[in-house]
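Each of the next two complexes has chain A plus one more chain, namely chain B in the first and chain C in the second.
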Partner chain A sequence: MASQADYKDRQFLAVIGDEDSVTGLLLAGIGHVTSPPDNQKNFLVVDAKTETSAIESTFEKFTTERKDIGIVLINQHIADRIRYRIDTYTQAFPTVLEIPSKDHPYDPEKDSVLRRVRRLFGE
Partner chain B sequence: MSGAADREAVFPTRQSLGIMKAKLKGAETGHSLLKRKSEALTKRFREITRRIDEAKRKMGRVMQIASLSLAEVTYAVGGNIGYQIQESAKSARFRIRAKQENVSGVLLPAFESYQTEGNNDFAMTGLGKGGQQVQRCRETYARAVEALVELASLQTAFVILDEVIKVVNRRVNAIEHVIIPRTENTIKYINSELDELDREEFYRLKKVAGKKQRDTAEQDAEMKARKEAQAAAADEQNQAPNAAADDAPADLLAAEEDEDVIF
Partner chain C sequence: MSTDKIDSLLQQYLLLLNEYTTLRTTLNNLQSSLYQHLARANFSAQPGVRHYGQDYYDERMQSTSHLDITISSETNTPEFSLVRPPVTNDKPSEKPKPNDNTKEQPQTQDGPGSTQHANNSNPSSSHPPPKDEPGDGKARDEAESKRDDSQPTPTSKHKNSTNPLHWFGILTPLPLRLAQADAKTAVEDIIPKLATLSEQMKALEVEVRRERKKRAKAEKEESKQQKDQNRGRCGGISNYQLKRVK
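And now, the complex of A and B:
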């Protein structure tokens, strides 16, 4: 219930994903770069060479620092790399959503929210 | 007896008995209200979880189609356009708006997607070739993102409802298992103490009455004895003149009457 007040100005989506996912989502028009002084992008392209710490700090930045992001999309195989951060993330805003990527089919068993759904249904 | 059980620290008086009874009634009303709230929320929650499950599966399919159309673009353009797109992204065309929905006093936010008109960062993308594919790909991804936004609002509602239901259930359980038994215990304790006081009072009154009775009996006896003594004294005084008077006139009668003088 912490952030019911500040959801009004959250109007962007953010992406952490592999190149194809990011490209597609940017084509849809979610990309946003803040005005010149800090030039913050709301997307991060992750490939095999990207450090886990970089993913983590970006995730941190999107979820806690930036107040204009309402939804964080993250590829599931990337979410797996920072799984402990995702599982302990319980805030309502911004929402973290795991999405499938082209190379990695979607596995509902790994999704932290779906796992909670299953647990509640007693499966 | 009820001192060992959990109860509130009150003095066992009739006033606090009244307060406790009012409190018990309030707790019962609150309990039933909260229970109903929790049921309403749980109903909503189950609906949302079911929809999340569906939406997640749908998202898998939609994203697959979207990646396919991106592959088409890559093929048509004949090279990777990722870098170009990342560089030309400036201002979001696809944005979200949050609105609120009220479910029995809980404000659930829901995202709504909208597209701002007139800014297109990718006007030049696919200018050489593959423009049609780029256009189609954009539409496909826009639809995919809409599905994602819907899923995200479901998920937000899920997280918030989960938390609220936990809090409400905790309250329901606290009232049911702590507050109501404790208040009942307190009422029981006060009642037993009041009964005890009543019995004590009754016993005391009985004692007092007995003592009074005994006192009265004693006084009566004393009074009686005194009266008797007085009567005896009076008789004696009466007898003396009588005897003196009777002696002379009737000797024969006096002999028989003599018996009556001493009672």
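And now, the complex of A and C:
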């Protein structure tokens, strides 16, 4: 099981999403920019021009490099673009949750948790 | 035995799944309400505002709430909760004190008007203006202007630094505030619970798979033993038949 060192410093939520999703969640006060030399943000605004490699590297950064993030929220349609990374992600921390976006409603068929459920029941 | 255990584990799992789907529905409703409010805010935005979005984010933003992760002793899985640190009102209340001290020194020289100001220097009892006071008008005006200058600064600074709504201006539209309320509910109540449930389900999945493996192993051994027994019986008959033939 995870040791205390794995989770005690994880105090932020991170968001990868479209502009409205990120704006909404930042309004709740979860946005954080680290002190000047790094200036690392805990969010990424994805638009039509954002490349998949940028999303993937940010996901990688949030899940493996940064040790202060406890939950990663990602829009489902963006998670679809890096589905192979999401499905093979097995770490205990941070937890990855898919959230709906304005233009793409939540699809249970694509949700990684419900996919795990289907796998467990042998479908 | 193992089948019963698997059944009970699956029962627990389905209960968690039910909770998960219910929370998902709630989150969906909250998110759609949030997007509607944001769209309304953008629609009714003032002429200067193009779009309530990343152009207005504060580049020095600091998180106002922190995740608290604890490992449950019962299930041995992480439990997430969002903690909003208590707002420290000490700093703003402490700041005016030095000003009060500086004001009190000339007050003793000025007379009755100044004592009135000393009483009003407390931020909570500030606003009612002195009506039936015969003191000097100029001194009173100065005192009032000082008070107006000194009082709002600490509170407004404090609010600006914490509330992300102020990135978009002081007088933000109502839909934007409603969007913030929806986002707060989603982030504080729903998302930590969903994360906790996801982890609990993950742990149960591992346990169910382990039990299934155990059961499969036990079934294999059972079938092997049965085969051996059958072979033994067949072997016994054939020996007996061979003896009789001899």
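In this text, the second predicted complex is superposed on the first by the 115 of 123 C-alpha atoms of A that agree within 3 Å, B and C clash if a C-alpha of one lies under 4 Å from a C-alpha of the other, contacts with A are read in each partner's own complex, and residues count from 1 in each chain.
Here is the rule we go by: contacts are C-beta pairs under 8 Å (C-beta built on N, C-alpha and C of every residue); 3 or more make two chains touch, one makes a residue touch a chain.
Worth saying up front: this structure is predicted, and the values here are computed from it rather than measured.
> If chain A is used to align the two complexes, do chain B and chain C fit next to each other or clash?
Here chain B and chain C cannot both sit on chain A without a clash.
> Which partner does A:12 reach: the first (chain B), the second (chain C), both, or neither?
both
> A:54 contacts which: chain B (first), chain C (second), both, neither?
In the superposition, A:54 contacts neither chain B nor chain C.
> May I ask you to decide whether A:117 touches chain B, chain C, both, or neither, giving the answer as first, second, both or neither?
Both: A:117 reaches chain B and chain C.
> Among the options 93-101, 111-119, 129-137 or 183-191, identify the stretch of chain C whose C-alpha atoms clash with chain B after superposing on A.
Clashing stretch: 183-191.
> Taking the two structures together, which residues of chain A meet both chain B and chain C?
1, 4, 7-8, 10-13, 19-33, 42, 45, 70-71, 73, 92-93, 95, 97, 99-100, 102, 105-106, 108, 111, 113, 116-117, 120
> For chain C, which residues count as touching chain A in their complex?
Listed in rising order, the residues of chain C that touch chain A are 13, 17, 20-21, 24, 27-28, 31-32, 34-35, 38-39, 52-54, 57-69, 71, 76, 78, 80, 82, 84, 162-165, 176, 179-180, 182-184, 186-188, 191-192, 194-195, 198-199, 201-202, 205, 208-209.
> Would you mind writing out the residues of chain A in touch with chain B in their complex?
So the residues of chain A in touch with chain B come to 1, 4, 7-8, 10-13, 19-33, 41-43, 45, 70-71, 73, 90-93, 95, 97, 99-102, 105-106, 108, 111, 113-114, 116-117, 120-121.
> Would you tell me which residues of chain B are touching chain A in their complex?
49, 52-53, 56-57, 59-60, 63-64, 66-67, 70-71, 80-82, 85-86, 89-98, 107, 109, 111, 115, 120-122, 125, 134, 137-138, 141-142, 144-145, 148-149, 151-153, 155-156, 158-160, 162-164
> Considering the complex alone, what residue numbers of chain A touch chain C?
Contact set of chain A toward chain C: 1-2, 4, 7-8, 10-13, 19-33, 39, 42, 45, 70-71, 73, 92-93, 95, 97, 99-100, 102, 105-106, 108, 111, 113, 116-117, 120.
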